[in-house]
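Each of the next two complexes has chain A plus one more chain, namely chain B in the first and chain C in the second.
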Partner chain A sequence: MASLISKIRFGRGLVLLVCGVYFAVPMAASVIFSIDDSKGGTTFRAYTDLLNAPGFMDSLTLSLELAGVTVAVLLLLLVPALLAARLGAPKLRPVIEVICSLPLVVPVVALTTGIVGVLRWGPDYLSDTPLFQTIVAIQDPSFPIVLVIAYVLMALPFAYRALDAGLRGVDVVTLVEAARNCGAGWARAVFTVVLPNLRSALLNAAVLTVALVLGEFTTASILGFAPFSVWISSNGKSDGQMSVAVSILSLLIVWVVLLLMSAVGRGRKSARS
Partner chain B sequence: MSTVTAPASGASVVTGGATVEFRSLRRRFGATTALDGLDLTVRPGELLALLGPSGCGKTTALRILAGFETHDSGEVLVDGEDITRIPAHKRDAGMVFQSYSLFPHLTALDNVAFGMRMRGTSKTERRNRAQELLELVGLPQRAGHYPHQMSGGQQQRVALARALALKPRVLLLDEPLSALDAKVRLSLREEIRRLQQELGITTLFVTHDQEEALSMADRVAVLRAGRLEQCSTPSELYARPATAFVAEFVGTMSRIPGERSGDGVEVLGRRHEVDGELPADGALDVLVRPENVGLVPTANGRALVVSASFLGSVTRLTVRLADGTEIKSDLPTEAAAALPVGSTAEVTLPERPVLVDRRVATA
Partner chain C sequence: MTTAPTPVPTPAAADLGGGAGAPGTATPESRAASSAPRPARRSRGGSRAWLAALPLLLFFVVGFGLPTVAITIGAFTTSTDSPDGGGTFTTANLTDSLQGAYWTALFGSIKLSLLTALIGTVVGLPLAQAVLTSRFRMFREAVLSGSGVLANFGGVPLAFMFVATLGNSGEVTQKLGLTKHGWNLYTFSGLSVVYLYFLVPLMILTITPALEGLRVQWREAASNNGATVLQYWRHVALPVLLPSLLGGFVLLFGASFAAYATAEAMVGSSVPLISMQIGDALSGNVLVGQGNLALALGLDMIVVACLVMAIYLPLQRRSAKWLA
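Then we have the complex of A and B:
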């Protein structure tokens, strides 16, 4: 019995070790390469050059803004829809599931090509209508709303899965009834009882969406906008060291953002309990 | 099957509480009729058990009263006032749900205080009252615990405290004990009853466990397919069921084929008087309770003992007659020792059967 347990422990350790090596060795090698000054010493020149390169802050801010707005739009769309379906129309649930999963079967390139087509075609046909202004406005390079629209679509399946998993864990109908029985109206029942219990699901949906937006390259690049991912690929090509530094930096930034998000989510919870 | 005890006094001291009336209440869900003209009055301060088989409309009736469900026609009156147009959150009815319904993100204390928070009671006041209520349900030391840190029984106690927190006019309990194990169920049952009597609050208690209904309630309403079958005190229900359905649903009954004999009935070669009317036509069955059936050990008797189950002080024997009729009889365990499985006996029936019913075809 004891030997079995120690065997399992050993097996686990081995798996962990193999995975660790698989991820850690290339990373460590990259880091070392990016700070090696080829005379046996270290230098952070690649990083400082990157941070000082024109457009670094702008593109990073744009990416974070896009991520924030995408999360907000997604949650504002999905949460009320999913709650309404659970509370009022359980039969609609499979329909919502199918709709939310549709973007998975459309390749990003196809989606982008479609968007390009509409954006080109639009102005020709809509030039006399107010929609023309709309088409121009959503392509404003300082904040391209068209990217938010695309990202909402791309993140929809993931955000939906995260929220749906959270909703499965709570008996929304009973909780709302119990809250109403205690004198809470519909809205208060949702805000004081349902949403607090969906905290981790909301957080998961947000984290997945942010990760997707920060890493998205295809659409932004084809449509000609310059969020962080696009900026990195165009500015990291000058020399080998720089291109490695760029990928490490982008990894770090995404990690920091995601860690911050989950720390904020957890922190509030422990503060209350 | 344990013994059925009627509550200490037929009717508890009525200290207040509201009157609840269901009048010709109807509710259909597509093709199924959940309530089919339910008429029922709950008296002030009484604990009324709604008893009936699964799907007979018990939960639906309760949910209509709580405002979670609507009715197609009929009326629901609380203290004479029609409450149809009052939204659920203003109904003044505290409910304990069948499934665990505590708010998972709140402690026991905050769960109990939730209703007062919605009403805008000050923080200190609601904490004090919530603490008092937790003491009332016997959980003062669990105030800071989250639902997932408590057992099922404790959660239902907290749910009870939460339901009572706003001093509702009516307390609604929808099978609050069905998810608990037998021992916890028994103790919580007594506690609910004690609390209910102390507070004198009108209470509707849904259950499909007849023993639970008979042991707790002032009166028991037996529902069948969305209608009221009978509503009376537990002892009355047991001794004088109005219909064969009630007779067989409450307690155990044996059906024995009989013959019409004037205004009485002949069973196993003896004539019996009958209380009330006989069914107008058709063949008859006599319904008797096991405790009223005697067995006398007799070599080559008409009844063959086919099974015995030990219930403590009594043993329930099942005997089979030549025509296949099975009769259950509860005998003191010592007397039952003289009738091992495979032996034969003569059956003695009570002077008056509990009920005579139209014959049902036996499978």
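Then we have the complex of A and C:
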């Protein structure tokens, strides 16, 4: 029995070691690769030249704008619907749940195919109607609204989960009724009572959406727009070192953001108890 | 960064969700008091509530419904560049999409997804168990939050990290002289190694709740009845875990099947994958008259994804029963 236990301990150590190596080596190697000047020394050129790299700021700005608009549209669509489902129409809940789960089933590439299909209707069938102008307008390369539509769809499941989890912990009905009994109007009850209670859930949904938009590549690249991730990819063909550097930075940023989010969550939990 | 979004929330997210907790939880009295006027308001506010949800419903119909309709119509009609002017019903797109290079790509995608999902499951289970039974609480939490990051870390950055590590001029390839031993990242097996980098963490996230649901009493009962560790796993733990394991497998399959960015940034079209072929076909890289082929390929992909979900959902419901 003792030998068996030590065998299990050993096996566990081995499993952890092998997997640790598998997950640590690419990170370490990428860092080394990004500061290697190919003469045996180190250089931080890839990091210092980043801001001056052609297209870097443009693509980053576009991505950040897209992220901001996506978050705004997403919350404006989702929050009223979720609150309404809680407050007035319980029958809405399954409908919203299905709506927010369906985008997970369809692979992003397939969704993009459908979007391309719709956009093609423009020149094919609608060229004489005002709809054609709309289809052209949403494909404006300086700010492609069609990407916002796609991103809102892709982010729906994640934002829904985050907001739903937040709502589960707050008795919205009682809160609103209490506020209304104290003489507050609907808008005031929602904005000064309900939404502050959902602060962390809203933040959570927003952060997940921003991370998704900044990393999204498939739709943007197929539709031919050039936000951040597409820039990383195309820049990598001319300057691999810089793209690796950006990749490491983006991994670090995601990590820090998620750690901060869980720290905030834990802080609030312990503050309450 | 979430380029291959997965249906599993990160532990941080789940944690925060719970952490949004209930400062507004009402006392019994206030609940009772508030329940009285509620029915009256509900009947009046019902239609107004649907009004508040209307933007979401409209958006969904336009943003999701139209593309779906476009795929379905397009997949079964001839395209505008075909000899008959387009718009006539045909099944040629679908049959073409299941032939030749496209069939190879679909098959390649399924093969890659099966292989990586299988390895991910087989590696992820013992790893999750090893982490979970570790004596160091900090280590456990670090691995779980790390898994949350890596499971959502796909796409272009992942591709570049692996190019820097195991690509032709990558650090590890150079140091160990791997090219001499026939290593090439830009192949089927190379891609599998890369995919596992986000699939194994995804498996850890998926299976950890199930492993936590294994009661200590079951193990004790088994060993009191004279079962060895092996027998316990064979006859007690694995049967209980089976729905979760299969569910995790299917989830991994789906994630790997839908992935596009990593493969596109790393290997381009040199490994035949259905997602790459769709991208190619959409950029106009098809024969004349096959303009709608991409839509048929998209339909193929949706069908496979729906099958995956049809297997996953019942399994998830079954595993939830044990974890209650």
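FYI, the second predicted complex is superposed on the first by the 211 of 273 C-alpha atoms of A that agree within 3 Å, B and C clash if a C-alpha of one lies under 4 Å from a C-alpha of the other, contacts with A are read in each partner's own complex, and residues count from 1 in each chain.
The criterion applied here is as follows: a contact is a pair of C-beta atoms (placed from the backbone, for glycine too) under 8 Å apart; a residue touches a chain by one contact, two chains touch by 3 or more.
Worth saying up front: this structure is predicted, and the values here are computed from it rather than measured.
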item	value
Partner chain(s) touched by A:157 [first = chain B, second = chain C, both, neither]	second
First (chain B), second (chain C), both or neither touched by A:126	neither
In the superposition, chain B vs chain C on chain A residues touched	C
Which superposed partner A:179 touches (first chain B, second chain C, both, neither)	first
Which superposed partner A:72 touches (first chain B, second chain C, both, neither)	neither
Partner chain(s) touched by A:170 [first = chain B, second = chain C, both, neither]	both
First (chain B), second (chain C), both or neither touched by A:188	first
Overlap of the chain B and chain C footprints on chain A, listed as residue numbers	170-171, 174-175, 177-178, 197, 272
Complex contacts: residues of chain C adjacent to chain A	1-5, 7, 9-26, 30-31, 34, 37-38, 41-42, 45-46, 48-53, 55-57, 59-60, 62-64, 66-68, 70-71, 73-74, 80, 86, 123, 126-127, 130-131, 133-134, 145-146, 148-150, 152-166, 170-172, 196-197, 200, 229, 257-258, 260-261, 264-265, 275, 278-279, 282-283, 294-295, 297-299, 301-302, 305-306, 309
Touching residues (chain side chain B, partner chain A) in the complex	66-68, 87-91, 93-95, 97, 99, 101-105, 107, 114-115, 118-119, 146, 162-163, 165-166
Interfacial residue positions of chain A with respect to chain B in the complex	170-171, 174-175, 177-185, 188-189, 192-193, 196-197, 199, 272-273
List of chain A residues in touch with chain C within their complex	4, 8, 12, 15-16, 19, 22-23, 25-27, 29-30, 32-34, 36, 76-78, 80-81, 83-85, 87-89, 92, 95-96, 99, 102-118, 120-121, 124, 149-150, 152-154, 157-158, 161-162, 164-166, 168-175, 177-178, 197-198, 200-201, 204, 208, 211-212, 214-218, 221-222, 229, 232-233, 236, 240, 243-244, 246-248, 250-251, 254-255, 258-259, 261-262, 264-266, 268-269, 272
